[in-house]
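Sharing a structure with you now.
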Amino acid sequence: MILGKVIGSVVATQKDPSLVGKKLMLVKAIDLEDNILEPFVVAVDVVGVGVGEKVLVVNGSSARMTDETKERSIDSIIVAKVDSIQIGC
Amino acid sequence: MILGKVIGSVVATQKDPSLVGKKLMLVKAIDLEDNILEPFVVAVDVVGVGVGEKVLVVNGSSARMTDETKERSIDSIIVAKVDSIQIGC
Amino acid sequence: MILGKVIGSVVATQKDPSLVGKKLMLVKAIDLEDNILEPFVVAVDVVGVGVGEKVLVVNGSSARMTDETKERSIDSIIVAKVDSIQIGC
Amino acid sequence: MILGKVIGSVVATQKDPSLVGKKLMLVKAIDLEDNILEPFVVAVDVVGVGVGEKVLVVNGSSARMTDETKERSIDSIIVAKVDSIQIGC
Amino acid sequence: MILGKVIGSVVATQKDPSLVGKKLMLVKAIDLEDNILEPFVVAVDVVGVGVGEKVLVVNGSSARMTDETKERSIDSIIVAKVDSIQIGC
């Protein structure tokens, strides 16, 4: 999973049927000091997060392993809202 | 999903049967300010988009989860035409 | 598999059900001289490792091929604790 | 799919049985001005192309979706010979 | 497939059961002039190669398409020992 921050969302009316009703969030990668990095991805939100929140993103076929994304043409999802990060034990 | 802009198309006569009849579009990655970036991909269009349009691209096995691409040797598709991007809430 | 070092962990209460009960570890890539590199990933621990340990990380659909991660929305796991690395024969 | 140019081939006698009889081609990535870029891949040819030809390469599990590569340990194939590229509409 | 050179091996006692008995080889990417590049991967050897040999590596789900790696948490394998590389026809 990749660590990221939700920075916005995408509106798309004309799309594959498997995306209908899905929330498309813009997620930028962040480092461990919370700095926002350049790479970003559009990920389907399956947990209910908001802009500014720190999240974990799953990519690839594992993005289809939730009830909401099963067998859909989706390759990136938000699977968790991060509460805290612990460096060291 | 990756954000991109359609910049052209590819013509290929000699190809695997699973690609017959598919529209092969050239899509360049773009950033959130609409700047065209260097990386590009050839993606099958399953929603009906044109050159110059902003799109979402799905890569990997999820690219085979549409009626048009099911079980085909296709690893990249255009799944949506982007209407707008909202930064912040 | 990628060589990495466990540097911490992630706490996430609000998450996809398939992540419940999973230990989410922060793993930084390392080189063969043990230098910690910048890229990092959040991986589910399936072998029981601790912070500071050298590990192997499996990514993608193969991350779902363990009893603990089968059919879950997980794309990165720690599959082994590295005892030693032998350069040359 | 990635745009590339066939620059040579690979001979390998000792190999996994699933590769027996497959043509292993060296393909370098190219840009839209036909410049050869550094990254290259070894891809199985399923359409019959020659050195110097412009091709499309499919990577990942989709590389196993042809009759010739089904259920084989192959992660990269040449799926098409490119006739022409059209920039703009 | 990626071209690489075997430079060593990894010993790991504590690991997922699906890795038991597998030879974990360190493989560095090489270019076409045989120069060793920085990126490296830990790959399961399914063909029997030794340190110093030039090999082809398969990544992702295709790494599970051999008898020895079927349904195991393995995302990278050595599928062939390279005899020679031919540039041009």
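Going by the order they are written in, the chains are A, B, C, D and E; count residues from 1 in each one.
Methods note: a residue touches a chain if its C-beta (ideal position, glycine included) is under 8 Å from a C-beta of that chain, and two chains touch if they have at least 3 such contacts.
This one's a predicted model, so the numbers in the text were calculated from it and none came from an experiment.
A.B. asks: Quick check on the contact graph: shortest path length from chain D to chain E, in steps?
C.D. replies: 1
A.B. asks: Go through the assembly and pull out the chains touching chain A as well as chain C.
C.D. replies: Both chain A and chain C are touched by no common chain, going by the contact rule given at the top.
A.B. asks: Between chain C and chain D, how many degrees of rotation does a Cα superposition need? Round to steps of 5.
C.D. replies: Fitting chain C to chain D on C-alpha positions yields an angle of 145 degrees.
A.B. asks: Can you work out the whole-Å distance between the CA centroids of chain C and chain E?
C.D. replies: Centres of chain C and chain E (C-alpha means) sit 20 Å apart.
A.B. asks: So how far apart, in whole Å, are chain A and chain E when each is placed at the average of its C-alpha atoms?
C.D. replies: Centre-to-centre distance between chain A and chain E: 32 Å.
A.B. asks: What positions in chain B touch 2 or more of the other chains?
C.D. replies: In chain B, the residues touching two or more other chains are 60-61, 63.
A.B. asks: Put in order round the ring, from chain D and then through chain E, what are the chains?
C.D. replies: Sequence of chains in the ring starting at chain D, next chain E: D, E, C, A, B.
A.B. asks: In the complex, go through chain A and note every residue touching chain B.
C.D. replies: Chain A reaches chain B through residues 7-16, 18-19, 24, 26, 38, 40-43, 50-52, 60-61, 63-64, 71-76.
A.B. asks: So in the complex, which bits of chain C are touching chain E?
C.D. replies: 1-3, 31-32, 46-49, 56, 58-63, 65-66, 69, 77, 79-89
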